[in-house]
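I have a structure here, written as structure tokens, and I will follow up with some questions on it.
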Amino acid sequence: MGDVLVWLIWFLAAGGLLASGAAVVSVSNPFYSALALIANLASLAVLYLLLSAEFLAAAQVLVYAGSVMVMFLFVVAYLGGRADAPWAGGPPLLRTAALVAAIALLVEVVVVLGLAWGDNLSDPAEISAAFGSPGAIGELFLTDHLLAFEITSIVLLVAAVGGVILGTTPRRRGENEHRREA
Amino acid sequence: MNAAVTGAWVCLLAPLAGALAITLAGERISRRTAGWISTLTTFVAFAGALDAFIRLWARNHGDREVLSTAYTWLAAGDFEVGFQILVDPLSTVMMLVVSGVGGLIVWYSMGYMAGDDEERRYFAYMSLFVFSMLLLVEAGNFLLLLVGWGLVGLASYLLIGFWHERAEAVAAAKKAFVVNAFGDATFALALVLLVWETGTLEYPSVFERVDGLSSTIVTLVALGLLGGAVAKSAQIPLHTWLPDAMEGPTPVSALIHAATMVTAGVYLLVRTSPVFEAAVEIQHLAAILGAVTLVAAGLIALVQWDIKRVIAYSTMSQIGYMFLAAGIGAYGYAIFHLMTHAFFKALLFMSAGVVIHHLHGEQDIRRMGGLRAVLPRTHVAFGVGTLALVGIPPLAGFWSKDGIIASALATGGVLGWSLYLAALVGALLTGMYALRLYFAVWQGPPRETEDEAHTHASGQSEGPLSMLVPVGVLTCLSTIGGLLVVPGLWKPFEHWVEESAEALVHPTVAQDYATSVVAVALGLVGVWLARRAFEHGRQLVTDPTAWRILERKLYVDELYDAVFYRPAAALAVTLRQDVEGPVVERSLDEIGAGTLHAGGELSRAQSGLLRTYAITVAFAVSVLVVVFVAVR
Amino acid sequence: MTQRVDWWVSLLQAFVVINIVMGGFAYLTLAERKVMGRMQLRYGPNRVGPYGLLQPIADLVKLLHKESFRPAAAIDWLYLLGPFLAAFTALATFSVIPFGPGWEIAGVYVPGQVADLDIALILIFAIGSIGAYGFIVGGWASDSKYALLGAMRTCAQLVSYEVALALSVLGVVIMAGSLSLTEIVAAQADSTWYVLPQIVGFLVFLLAGTAETSRAPFDLPEAEQELVAGYHTEYGGMRFGLYSMAEYINLITLSGLCVTLFLGGWHGIGFTPDWLAPAWFVAKVAVLLYVFIWMRTTLPRLRYDQLMRFGWKVLLPVATLNAVVTAILVVAL
Amino acid sequence: MSGPGVGWYLILSAVVFGTGALGVMLRRSPLIVLLSLELMLNAANLALIAFARQQGDLDGQVFALAVMAVAAAEVAIGLGLIVALARRDLPLDVDQASALKG
């Protein structure tokens, strides 16, 4: 019964993921697009839980859905009518090329996956209860991946400084209070 | 840990603290405060040195060697170097000399430098120098010794070029630095060889293993060390920087270029004597270089006109004696002469400083004369210094210099006799140039500049108290400082130093006194010659060719110019014209033009549109995936 | 450590807890009106029932009977989604807060909270941050200037103070060495209530929490003099009721969290029998709620730039410093 | 692990990635381009975490966390740019922003 339940949840989450992903790309209003991405993130969080990545699921919801996307909605609301841009357009050649490229990528990935399917994608490893816990991930970050951790922190710092500078325009100084959330 | 080491650490760190305090305080303290900080920290260092000395004295004979490690400074595999100091009889003597004489000179500087625009910088440099010199003499291993060695070079460079708006001072500082860097390089190479061959830089283990090395290696190591010593101590052939270094302030000349730094070479020879004893040829080479230097410098000193340059050549000459002593293994006398020389040479420089101060910067002895009436106390001090230099008993120079000459006699053989003769010639020359200087400055009728100065500064005394007291102290020391070694009577100093480095020769009492008679007689002959020349109003060197050769300092500078500088400059010009221009620059131009052209063509692909980029990337990736899959 | 819990027990427990919390919300509104009344030298509601005790019921009935109108330009489904999202997340957060040690009732194990998770603390913040969407979506969908401005203020304020809030808790996490609320409570029983060593964290948490729940003096999003009623200007009837409920339940949850993290959770002073644990928990929460009401009647509202400056330039550095110092001390001692 | 194998997650990830790529290549609103980019990053994250589960090795999760942090930074800067564009009354249309043209 548990097996069926997992499959059911997987199908629901996968369906949500695909549908919301399609919505992100296709709707014309950025506000809806952002909402769709939030739904997408929620579906992803469910999938992460199925993959025993509890901490990542929570972090995803907290950081991504909770803060980043709130900021996104904030900006969309702030821009109001100016946020609307033409859906697509440009030369039809460009559109065709884009479609061809995307489909080519997709087909290739599926083909590559199909080639590898039988060999080593079938049986997942045994894992302990601590798999995906904050403690285990934190320890990895401070030992094996310390450099990556430090570089990430520098990237964040640079982004924070960049955000402040972008928000501080000489023309209207008073408005940059909101931008600091970056 | 025992207290002897505490004093030594205090001695080492007090001047550093002073230098840091002055530097960090900047303009928040007055110039005078800066001077006091520097002076007092140096005297604190002296107190520490005294403490260390007394406590070491109290220990048993043969147990007077304490190594104190603060922490492991460098470690690479088995190789370890600690930040450590060595307190033994030799280093305590050096500590006392450096901090004691140093303290007096820094104190003197407060009067001499008063009113200079950058006194704070000056005192910070002085403290830095004292720290570096103490680090050099207290260093507990070769690497730390090299650190101190380099730092004194730096401090010397900074202080020679202290008046950096004067082109000559800057040039002299550069010259000193370059020549010293040459010595530092050979020194460092010697250390590299040592690490390579013995795997350690600790004194005891190096000295222990040095006998096991091949003679080539030992010779090379000794040669490298000697190179460092020769450059630092301004011995021929690396002596050219010292006379030029007189561009610095006079207290600097007294401290660095007479009393302490230039004698570091002698200290090195004595400290590392086991290495030199394992490479006898090189040790003898040191003695020979010393002998050559002491004669050549004495000769050049006969014809110089600049008061400070005369004293500078005299310094070279006296250090030649010390090298001679260290080279034949008379370590006790080498260090003894180092100490007495520090007293009377610092005294000479400081008295000369009073004269220069009085004459508002005039240094040419042709424009001096008859100052005895104006500066009576300085005259006495200068006179004592001169007689001590010449080696008239019972002044300090007599005891130490004659000990060296007697040791040369005791060595015997062709080498010993040649050195003996050279040293005696040196004694004669010393009498001549020292008295020539003395008469030119103090006796005779006053010259015109002096008149001007007199009218300008009517009522001016011989300088502030801070200048006179150190001069007085040094006068006393120059008078009685030599009594620490009286042949046949007692030799506490020699025994003390020789606990660190056992001497190879011990002159008999008879040799000692016989030498003294000859040497003093020769000195007096020199004095008599100078007196006669002065009375007849002519120079000591009358032959114009000889005069010219000596005035051009034996053409060493010209030789270096011709051998090293000109070929290098010519090569550089050739390379610039024939390689840099046509080959390198032209090719760069071509590459640049080609890149520019290619860039111009390629830039047409840069549409600036996000979507075209994204599509291009996507296509590229899909192609790459196909390639990778196909290749696998 | 964790005993197996039957799924129907959890379901039943969730039902009970939700109802208790909703009841708590109802009487919190009454308590707030009464307390504020007394502080402002008036009586507060006292007509419906003895001492006005039935006032919440009357309010509920009124809200339910109101006509549910909405602006013509509002975006239907988002306009409806907003209040539900807000109320749902507010209720969901309470599920991980422990209010007792767990009991054995008639052979069935009943845990001390609805769900015991290793990462409960992160989960609370995660769900809490989702709650912000209820406000911004509702405000945006109303298609009204006041509502939009209120929503944007809420948005900025929530995101800003969430950082300080999360950082203020870090000290507790470092000291307890766990993100699990039950373990944090247990760690406090072993040592001391973290309000003592973490007094700085506690104060920052209290201030940032006040801002997170948009309570006075940080109630900028609903500043009635400037914005009518903020993001729920265009809401009426039970939809307004849901927003109101979300805010009050958030306040209760925050107080519960504060009790759990800093005030020893359900542990009492001295020996506490297991059955009395929830009472201690409720008592501590009640005290905190009283403090919040007290603050509302006492302190004047901040200006918006002051609010932002306070959050970023005061609370955030203090919280960071607190976390760093705590980390150093924990490692050093 | 009961339920779907890693391959299913990977296919899912590929499809979402393709969708995101399509959005980046087709849409003209910079906001939606940014959102599509996030979609692509998340698809990559899903693949990383799926592999982490399959290998029983947390490295993949660590990378995913780093990707999240970088994505947050990227959104912050992207939004900053968009707001800066809007403040200068420039059109919010990636086809009209070609100042970097060579």
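The letters A, B, C and D name the chains in turn, as written, and every chain counts its residues from 1.
The definition used in the following text is that a residue touches a chain if its C-beta (ideal position, glycine included) is under 8 Å from a C-beta of that chain, and two chains touch if they have at least 3 such contacts.
Everything numeric in this text was worked out from a predicted model, so none of it was measured.
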| item | value |
| --- | --- |
| Cα-centroid distance, chain A relative to chain C, in whole angstrom | 28 |
| Whole-Å separation of chain centres (CA-atom averages), chain A against chain D | 6 |
| Centroid distance [mean C-alpha coordinates] between chain D and chain B, Å | 68 |
| Geometric centre distance via CA averages, chain C-chain B, whole Å | 77 |
| Touching two or more other chains - residues of chain D | 21, 25-26, 28, 95 |
| Multi-partner residues of chain B (at least 2 other chains) | 611, 614-615, 618 |
| Per-residue overlap in chain C, given as positions that touch at least 2 other chains | none |
| Contact graph of the chains (line, ring, star, complete, other) | other |
| Interchain contacts (touch definition) - all pairs | A-B, A-C, A-D, B-D |
| Footprint of chain A on chain D - complex, ascending | 1-12, 14-23, 25-32, 34-36, 38-39, 42, 45-46, 49-50, 52-59, 61-66, 68-77, 79-84, 86-87, 91-93, 95 |
| Residues of chain B that touch chain D when the two form their complex | 602-611, 614-615, 618 |
| Residues of chain C touching chain A in the complex | 78, 117-119, 122-123, 125-130, 132-133, 136-137, 140, 148, 151-152, 155-156, 158-160, 162, 179, 304-305, 308, 312 |
| Chain A to chain D touching residues, read off their complex | 2-3, 6-7, 10, 14, 17-18, 21-22, 24-25, 30, 33-34, 37, 40-41, 44, 47-48, 50-53, 55-56, 59-60, 63-64, 67-68, 71-72, 75-76, 78-79, 82-90, 95, 97-99, 101-103, 105-106, 109-110, 113, 117, 121-122, 124-127, 131-132, 136-137, 140-141, 144-145, 148-149, 152, 155-156, 158-160, 162-163, 166-167, 169, 171-172, 175, 179, 182 |
| Residues of chain B touching chain A in the complex | 611-612, 614-615, 618-619, 621-622, 625-626, 629 |
